[in-house]
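Paired with chain B in one complex and with chain C in the other, chain A is shared by the two complexes that follow.
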Partner chain A sequence: MKPATAIAGAAALASLGLPLVLPQYELRVLILALISALAVIGLCIAFGWCGLIQLGQAAFVGVGAYSSAILSREYGFGFAASLLSAGAVTGLLAVLIGVPLLRLRGHYLALATVGFNATAVIVISNAGDLTGGYDGYSGIPLAALFGIVFESDTRFFYLAWVILAMVSLGVVSLRASRFGRALVAIRDDELAAGTSGVPVVRMKVLAYGLCGVCGGLSGALYGHYSHYISPGDFDLVRSITLLVMLIVGGETSVLGAILGSILLSFLPEWLRFLGGGYLAVFGIGVLLVLVLMPTGIVGIVRRVLQRRGAAHG
Partner chain B sequence: MVEAPLLQVDALSRRFGGLQAVDKVSFAVPAGRIVALIGPNGAGKSTIVNLLSGVLKPSAGRIVLAGRETGGLPAHAVARLGMVRTFQNGRLMPRLSVLENVLLGADGVCGYGFADALLRTPRLRRQETQLRGQAMALLDELGLAGDAAREVGGMAYGKQRKLEIARALMQAPSLLLLDEPAAGLNSAEADELGRFVMGLRTRGLGILLIEHNMGVVMRLADRIVVVNFGVKIAEGTPDEVRADDAVLEAYLGRKAAHAAV
Partner chain C sequence: MLTIQLIINALAVGSIYAVTALSFEIAYESTGVVNFSTGQLVTAGALVGASVTAIGPHLAPVAYLAVIVAMAALGLLFFVGAYLPLRNRPVLTVIIGTVAVGILVQNVSLLIWGPLPIAVASPVGNATIRLAGLVVPTHALFVILVTMVLILAVYFLLYRSPLGTQFRALAQDPETARLIGVPVMRLYALTWMLACALAGIAGLLLAPMWFVDVGLGDSLALKAFAAAIIGGFGSIPGAIIGGIAVGLAEVLGASYISSSYKDAIVFALMILFLLFRPQGLFGERVADRA
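Presenting the complex of A and B:
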C-alpha cells in the first residue's frame, strides 16, 4: 500500500470517532461537508479528470434534492428508493443536457453551465405547488434504513460517512480502469485520445452524467438531513463554492475533493470573527491557493511524502 | 486473382475553403509492406494522414481498409478498425503514467464494462492484469520497461517517440500510420527505430511512413508515393523515384533538376 493511501485510510477510520468528541454545531458542519463532498466528487470526474468546466453543479444538487423530497413526501418513497431515484433522475438530466451542451468548449461551456444553473433556480422558484416556489419545500421525511431512523446528528453522520465512502471507493476504482484513463486522456489531449481509440463524445457525456449522479445523491441527502430546501440553496454562488472546494483540495483526486469540502465548510466558521471582512479574506485566500498550490492540498501532501520517501530510500 | 491491398485510397480529396489541400490522391498499402509518403513542406502529407485517421473528413474520394470504407468515420472508430496513427510531435498524456499511456491504447479491446469498473470485479482484475502484461512486454521491446511507473513529463524525446509507437501497437493495428517518427532523433536512434519498423513489417503490419529523413525512407520503403501541392506526382520503388524528373524538380527546383540530369 502506498503511504498516502494508508494515511487516508487511517484518517477515515479515525474520523468515525468524531461524533463522540465534536460539539453538536461542529458535527452539523461536518455532516454538511460530507454531503457537499459527494457533489464535489462529481466535479472531480467532470472537471478534474475530463476538463469539462461545470459551473452548474449546485443545480444538479438542487434537482436531486427536489426530486427526492417530492418522491418521499408526495409519493411515499422510502429513503433508499428516493436517494437512488434522485441520483438516477439527475444523472439522466445531465446526460440529456450534456449531449447538446458538451459540443461547447472552454469559456462557452462554462457560460452555458452558468445559464443552466440560473434557469434551474428560476424553474424551481416558479414551479408553484410542485416545488413550493420561493417559500421552499418543507416536511422532508427523516432518513431511515433497515429499521434505523437517522434522527440524531450522530446517526446521520454515520449514514453520510458510509454513503460517501461507497461512492469514493467506486470512483477511485473507476479511475484505475479504462474509463478513468480515457477521461484523463481527454483533458490532456482530446485529439490524440480519439486516435487512440477513445470514443471522446460518449466519454464526455458519461463524465457529465456521473457528475450529475453525484450531485443528485448529494442533494437527496441534504434534503433528508435539513428537512427543508429552498431555491437559494442551489444558486450560482453555491456552484462556485463547490468548484473552489475541488480546486483547493486537489482537482484530480477523490481525497482532495473530500478534504477541500471539509476545509471550505469549516473556513467560514473559523473566520467568523472577521465579520463583514470575511468574504475579502476568503477570496484572497482562494486566490493564493490557486497561485501558490495549483495541485491543491493533496498535491502538497504528495510532494512532502515523496520527498520523505526519497530521503529515507 | 490479385488480393486486394490492406489499405486502398482512391481519388482522396480535401478542400479548405478555396485551397485544394489534397487533390484526387490514390495509392495502396499492402499488408507486410512499408509505403513511404514524401513531398516538400506543405505538400499535403499531414492532411492525408489526418484524413486517413479520421481527424479530418474527406471532401471526396474513398478510403477502404480491409474491405471497409472508413472515410468520414470518427477517429476512434477508424482506430478501432485497425488503422492507427502516431503524431509528428508525439502527443502523449502528461497526467497519465508511462504504463497508463500504453494502456490507453487498449480502450477498444477492453471487454469489461462500466459496472466492472465501479466494483473492481474479478473480470476487470483478470483483464487489467493481462493488459498490463501486454503493455509491459511492449515497453520492454522498446527499451522503456524501466520507465513504466514514471510520468511522461521530462522523459527524453527519443523515448517519448517510442512510447507513442507502443501506445499505437497496444491497439493491435493492422495498418500503422507513422507521421515523421524519426523527427528529432539522432542518427543512432533513427537507425534503431528503422530496425524496429522493419520488424513490424515482418510481422505482417502494413505501414504508411511519412518521413523527411531521406536516408530512413530509402532504406525502409518498399514503395514511395510522392506528393506536391496536394497532387500525387510520382510513385514507384525507391530507385524509380530517385530517378524521376518530376520528383527532382519538386525537391530541388526546375533549374537544379535540369543541371542534375
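Presenting the complex of A and C:
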C-alpha cells in the first residue's frame, strides 16, 4: 500500500471518533462538509479527470435536493428510495443536457453551464406549485434506514460518512478502470484519444452523467439533513464554491475533493474573527492558492512524500 | 406608443449591457481571459461614482472622470495581481482566478461602502421628456448617448489609431506581435485598465436607474456574458449588438411573455445560440467551440 493511501485510510477511520470529541456546531459543519464532498467528487470526475468545465454543479445538487424532497414528502418515498431516485434523476438530466452542451469546449462550455445554473435557479424559484418557489421547501422527512432514524447529528454523521466512503471507493476504483483512463486521455489530448479508439463523446457524456449523480446524491442528503431547502442554496456562487473546494484540495484526486470540502467548510469558522473582512481575505486566499499551489493540498503532500521516499530509498 | 416607449427603455438597458459586454470582450480579445469579475467591477464603478455624486449633485459629470481614473488604477492592480501570475495557466484556473478577484473586489467594496443601497443622481437629473405622446426619462436618452460616444471612442482607439493596430496585432498573434516590437506587456496592462474603466462607466450609467448596492453588477455580468455569446464571442460589434438584443429580449419578454421568467428567456436564448450558432451573430476567427 502506498504511504498516502495508508495515511488517508487511517485518517478516515480515526474520523469515526470525531462525533465523540467535536462540539455540536463543529459537527454540523463537518456533516455539511461531507455532504458537499459528494458533489465535489462529481466535479473531480467531470473536470479533474475529463477536463469538462462545470460551473453548474450547484444546479445538479439542487435538482437532487428538490427531487428527493418532493418524492419523500409528497409521494412517501423512503430515505433509500428517495436518495437513489435523486441520484438517478439528476444523472439522467445531466446526460440529457450533456448531449447538446458537451459539444462545446473551454470558455463556451463554462458560460453554457453558468447559463444552465442561472436558468435552473429561476425555474425552481418560479415553479411555486411544485417547489415552493422563493419560500423554499420545508418539512423534508428525517432519514431512516433499516429501522434506524438518523435524528441526531451523531447518527447523521455516520450516515453521511458511510455514503461518502462508498461513493469514494467506487469512484477511486473507476479511476483505475478503462473508463477512468479514457477520461484522462480525453482531457490530455482529445484528438489523440479519439484516434486511439476512445468514444470521446460517449465518455464525456458519461462523465457528466456521473458528475450529475454525485451532485444529486449530495443534494438529496442535504435536504434530508437540513429538512428545508430554498433556491438560494443552489445558485452560481455555490457552484463556484464547490469548484474552489476541488481546486484547493487537488483537482484530480478524490481525496483532494474531500479535503478541499472540509477545509473550505471550516474556513469561514476559523476566520470568523475577521468579521466582514472574511470574504475579502477568502478572495486573496483563493488567488494565492491558484498562484502558489496549482496542484492543491494533495499535490503538495504527494511531493513531500515523494521527496521523503527518494531520500530514504 | 407603449411599445415604442418599451423599446427606448430596452435600448437604454441594452446599452448598459453593451458597454459591460464591451469591457468583457476587449479583455478577452487581447488577453484571452474570460473575466468573471466583470460584474463586481461594474459595481465598484457605480460605488465610486456614488461617492463623488454624494458630495454635491453638480459633481455628477465629474463622477464619470473619477470613475475612469479609479477603475483604470484598479485595472492596473488586476493586471499585476491576477493576470501576470496566472496568465499561462489552464482556462479554468484563470476563470476561477477572476472569480476570486470578483469576490475580493465585492467584499472590499462592502467594507468601504457598507451593505445599504445608495441612490445616485443622474447628471441630467430625473426628469422625463414628453415627445409626441411618449414619456421618456432623460436619463435613458443620456445612457444611449454616452454609449454611442463610448462605442465611437473604442472604434477610433482600435481601428483608427496606431495603438489600435498594435492591439489588433496582439489579439491575432501575441508571439509575432512581440517579435515585431509591439510592447506586449504594456498593452496587456492598458487592456485591463480599459476593460475596468468601461465596466465602471457601465455601473455609473446603471446607478441612477437602480439603487446601488454591492450586488448591483452580479446579474448584470450574466446578461453581458449572454450578450457576448449572442453577438459573437470575440467580436466587438457583436458585443454591442448582443447587448442591445439582450435588452430587447428582456424588456419585451417581460411585457409580452412572463416577467418572472425574463432572465430565463435571456439565458435560454444564450444556450440556443451556443448550440446552434456558437459563432453568434458576428462570428469569431478562431474558436474552441463545437
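Following the convention adopted for this analysis, the second predicted complex is superposed on the first by the 313 of 313 C-alpha atoms of A that agree within 3 Å, B and C clash if a C-alpha of one lies under 4 Å from a C-alpha of the other, contacts with A are read in each partner's own complex, and residues count from 1 in each chain.
Keep this in mind: a contact is a pair of C-beta atoms (placed from the backbone, for glycine too) under 8 Å apart; a residue touches a chain by one contact, two chains touch by 3 or more.
The model shown is predicted, which means the values in this text are computed figures rather than measured ones.
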Can A:A185 be said to touch chain B (first), chain C (second), both, or neither? first
A:T252 contacts which: chain B (first), chain C (second), both, neither? first
Applying the touch criterion given at the start, work out whether A:S177 contacts chain B, chain C, both or neither, answering first, second, both or neither. first
Check the residue A:T5 against both partner chains and state whether it touches chain B (first), chain C (second), both, or neither. neither
Based on the superposed arrangement, let me know which partner A:Q24 touches: chain B (first), chain C (second), both, or neither? neither
Quick one: chain B or chain C, who's touching more of chain A? C
In the overlay, answer first, second, both or neither for which of chain B and chain C A:S152 touches. neither
Touch check for A:T195: first (chain B), second (chain C), both, or neither? first
Kindly classify A:S138 by the partners it touches after superposition: chain B alone (first), chain C alone (second), both, or neither? neither
Spell out the residues on chain A that touch chain B in their complex, using ranges where they run on. 170, 173-174, 176-182, 184-185, 187-189, 191-201, 206, 252
In the complex, go through chain A and note every residue touching chain C. 47, 53, 55, 100-101, 103-108, 110-112, 114-116, 118-119, 122-123, 125-126, 236, 240, 243-244, 247, 276-280, 282-284, 286-287, 290-291, 294
Residues of chain C touching chain A in the complex: 28, 34, 81-82, 85-86, 89, 91-93, 95-97, 99-108, 110-111, 222, 225-226, 229, 233, 260-261, 263-264, 267-268, 270-271, 274-275, 278, 287-290
Quick check on the complex: what are the chain B residues that touch chain A? 53-55, 74-80, 84-85, 87, 91-96, 100, 103-108, 110, 112, 114, 116-120, 124, 128, 167-168, 171
